[in-house]
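Same chain, two partners: chain A is paired with chain B first, then with chain C.
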Partner chain A sequence: MITWQIFLYIISSGMYFSLMALGFGFTLRSVKFFNLAYGGAFLVGGYMMFFFYRSLSIFFPAALLFSIITSGLYLFLCYIFIFRALLRRKAKSLVLLIASFGVLVATSAILGMIFGNQPTFVPRRLSDVGTVNILGATLNTSEFFLIIFAFIIIVTFSYMRFHTRFGRATRAIEDDSEVAELVGIPKDKTISRIFFISGICAGLGGVVEGLNSGLIPASGLFYMLPTIVAAVVGGMQSFWGGILGAFILVIVQQLTIFFFGASWVQAVPFAILIIMLFVRPEGILKR
Partner chain B sequence: MEYLYHILILISMYGILALAQNLVMGTTGLLTIAGAAFYGIGAYTAAILATKFGFNIFSTLFIAPLAAGLIALMVGESFARFRDDYFMLATLGFLMIFNTVARNWEDFTGGSYGIAGIPKPHIFGFVFDTPLSFMWLSLVIIMIVTTITYFISRSSFGRVLNAIREDEDALSVFGYKTSTYKLLVFAIGAALSSLSGVLFASYLTFIDSNLFTVNESILLWAMVILGGLAKNRGALLGALLLIVIPEGLRFIGFPVEFAALLRQCMYGLLLVFLMLYRPKGILGTYKL
Partner chain C sequence: MSKTGKIVLWVIVLILIVWGIVVMNKKGPAEDALTIKIGFVGPLTGDLANMGENAQAAVGIAVEEINKAGGILGKQIEVVYEDDACTGATGANAVSKLINTDKVVAILGSACSGATLGEAPISEAAKVPQLSFCSTNPTISQAGDYIFRDVPSDLFQAKYAAEYLVKNNKTKVALLTTKNDWGDGLNKAFTEAFAKAGGTIVMTSSFNPDAKDFRTELVKIKAANPDAVYFAGYTDGTITALKQSQELGMTAQFFGADAWDDTKIWSELGTLGNGAMYTVVGTNSSDAFKAKMKAKLGKDDLVYCSNYAYDGVKILAEAMNRANSSNSTAIKDALYKTSYTGGVGSKELSFDVNGDPTSAAYIIKIAKDGKATEMVQ
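What follows is the complex of A and B.
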């Protein structure tokens, strides 16, 4: 039964990183820089959930909705006030990277000032952390719902990407944003929507993390490295790459825990990244 | 007066770090975030050698750069092939690994309990245990580091580094093996940063794994970019400003933890505003 439990765990945390990598990949492909402010949206989502659900005691689904919308708005506003000006100036990706790093650092410091530096847990009481029994293996309720939610989100996004106007506009901008603009695609509007959607994914990740193991202000950066690795390893240019990368990451992490012990898990993403950049820098899947 | 010495010691420690960071980030244009890692490696080398093996801190001022330089050569071997964003990612990963090792390898690094009782340096019976004497020691070391970075940026080696920043592909067409140069400058930067780590460990007499995190690297970024990239004077100016101004916050009387977060928030916003309105920094000529 232990293997079934591990399998379920791999599915749930694979789905978690898929969701994170999916949202990250959206901005990565369209604006072509590592948007570290994504980690800020992750934190905003988690802490807003804490605020709405635990401090204001709002009904759970409503609190969830409010908090992911807030984190979406957060990235949207980051785009409007910071990244748009830099992108218009055709700044190098390094400039955007530094700016987004600044946003992440400032966000985590501000959240730390408001909510404190200690771990913050979203659940109100112990009974909030229920478990679900699936054929003998147990999962947290939040992990169980995460699997379902992430699946729905992935299906929705893939439909949106390949069958709607917005999806076509997104793909055109990813391909060549200048030509896309020339043929009349509203670049600014599309990119700001992409940032909003990306923020929603990050916020959902933050909520799940807050429910499962609690948030600290530093965890924004902490979760960025595995997310970036999942997005890069699977193939940055491909929609499905992030999901593939996420599962590879999680499986290697589990193997590391099995062979070396849990304290070395943090080194795994880095090792995968280095190997991958040597062997196949463009990622496993092409577009 | 003691407080003034303290500030000067801090400025020279961060000045060394900023000069080293500028060498890699400004002169060569490699966006590294591993500054805090080599700073930490220097501090741990000094602390472990001094407390466990009874070394004089003075001798660790020579051993730590060697150790940090060697580690930088080993990891840099793979980093030197990357550029721009990927270089930054790789160094971020390295910093994360360094933090993991420092936290988990408790027999050696003391983990989050840290290493206490690090002695002051002594030479020929003279102990640098007063703030004034320690200040002179730090000033001498920052002078040495300034001289080294000055000569590097004036030499032909420095010109190659500048050329790597401007156009790496063009330079490799002329037959320069750019990855070797990048590796070398990365190792030199690491060795110089570790000097500051030795001073820091000995000055504070206590280090733990929470002192060398990514926040320190962010501070270095902010210093180097604020002062002006690729200018040694700029790095020193950045270190001066970003030590003195936050010290003012101390007098307002915030709680320690809040003040630390407030500073961190300042550095983050500073980076954003610099990128938006003045990517050159105060003295810089090179625009990112």
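What follows is the complex of A and C.
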């Protein structure tokens, strides 16, 4: 009984971090840097959901759509105005990392000024988020729908990657961006689109978090750690790596809590990351 | 940069350093200043920001009243407000600034036990009396000669909770406490008190203050089937955990401690919080005080710490009048002899040799539909 409940938690958390790692991996593989502004898109998505759904009282599905489009636009604009300019000056990935961190911090601060530093909850009343009973164990409705949506998104993106022109373009750019340009792939246009869909993933993650546990401006950086660990552990160069890494992370975390207690939860991502970097720095999956 | 430029720059740096040293060395609060400066340090940002702002409003009201009545020793009081974000590190910096830069004669603060414990060594070393209006960790009693509080130590709160639970046949309890000074203090105190009262603790668990996911812990607790869960958590954690416990369909009685008096918890949870109980120090609110708080905040929101913060200002004022001086050490000595009655916190207050209040009167509050009200026992 407990096992089944914990299993459901593993599935829902695993899908959540898979979504996060998936979006993060797009920019990691194509532009080859750890885009910490991804945390900013996470916050933007969540807070915009609060804004659209609570402040403007827009119908929930519409508010959801607007929020993730906004977060996608956010990363898109970051690329256009910040990262592209840096890339044109042949900036190294360290510089891009620092710039993205700056963007994240600025975004957190601005959102903190607008929405306050105390937790912001998206649902009007927390009791609005109902529960779903699955064969005796419960999940709340946002977790349940996340599992379904994340699955759909993963399937859609993998189809897009392997069966569309855009997907081929992304794979080419990941391989070797200079040759891709020579061969005629519109590098700039493709990368901007990659940032946009990356932002969508982060935004959706932010909305789910806003529904479940509330958002504080510091959440952006807080959730980047497990996202990065999932992406690195699973395999930075692989599309499926993020998903694998996410599930490994979640399983180890839940088992640790179950056997050792919640106090060790924070140490788990760090421990996994360090072990992985020693044993196999490129991650589990190669491609 | 040219040679002249460099010389000019170094001269400016030298002037700044010398000026800085001179300012730093001006010893002690200017006793002949036109106002008496008191420092306030509390969680104005972070998890307990709601409580901090509430207390800040209460302090403002107390200061207005005192100043309108003529001030203390013929001078007006001025409060300098600083934020400690509920952490010892930020608090230590805030208190340092209050003592060294603002030259306050006394400090009112903090709310969070962790913050107070971080600030106390600095106030103690600088010989500036510090009166905490909400910190309940037992070790504060030994924090120093200059450290006072007008709320009792958690040794009493835990004992009261333990006895209440046993009296009401909740003899199997699971402990879930946050990992900070307040939570750890309660964990230890409750474990001892509950064993003494004859109960058994079926499980102990602690979590990081910024934890968001309690689900697995709660599943474990549910499986251990306790009568009650003694849950010491701050605002953010409590909201998330109680919500998740309802999703799991847990029927155990959730029992908390004084930090649950933050009205934000119950207003966010709504009906999800129904039935949760917690101990908190009783208050003696007057209608006048409640009305003034409502006017100042613009809403009906009163956290118990604010009553004690209000009283704290009045107690410091009375100590200064008794000592007939605004010298910090004189204030400290006078505090030990002060007996304050008619406050909105406790009906009467005097300090024992450790700087703790001599009596402790707790009440139990129960949450229903977005509000926590006192339970008649």
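The working rule: the second predicted complex is superposed on the first by the 285 of 287 C-alpha atoms of A that agree within 3 Å, B and C clash if a C-alpha of one lies under 4 Å from a C-alpha of the other, contacts with A are read in each partner's own complex, and residues count from 1 in each chain.
In this section, a residue touches a chain if its C-beta (ideal position, glycine included) is under 8 Å from a C-beta of that chain, and two chains touch if they have at least 3 such contacts.
Note that the structure is predicted; figures quoted are calculated from it, not measured.
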Contacts of A:69 with chain B and chain C, given as first, second, both or neither: neither
Partner chain(s) touched by A:117 [first = chain B, second = chain C, both, neither]: both
Which superposed partner A:254 touches (first chain B, second chain C, both, neither): second
Which of chain B and chain C A:104 touches, first, second, both or neither: first
Chain B versus chain C as contact partner of A:85, first or second or both or neither: first
More chain A residues in contact [chain B versus chain C]: B
Which of chain B and chain C A:263 touches, first, second, both or neither: both
Contact residues common to both interfaces of chain A (with chain B and with chain C): 117, 218, 263, 266
Sites on chain A touched by chain B in the complex: 33-34, 82, 85-86, 91-99, 101-110, 112-113, 117, 217-218, 221, 225, 228, 232, 263-264, 266-267, 269-270, 273-274, 277-278, 281
Sites on chain A touched by chain C in the complex: 1-2, 5-6, 9, 13, 116-119, 121, 125-127, 131, 138-140, 209, 212-214, 216, 218, 222, 254, 257-258, 261-263, 265-266
Chain C - residues contacting chain A, complex: 45-47, 49-50, 179, 205-208, 210-217, 219-220, 222-223, 235-236, 239-240, 243, 246-249, 264, 268-272
Touching residues (chain side chain B, partner chain A) in the complex: 31, 78, 81-82, 84-86, 88-90, 92-94, 96-97, 100, 104, 213-215, 218, 221, 225, 257-258, 261-262, 264-265, 267-272, 275-276, 279, 288
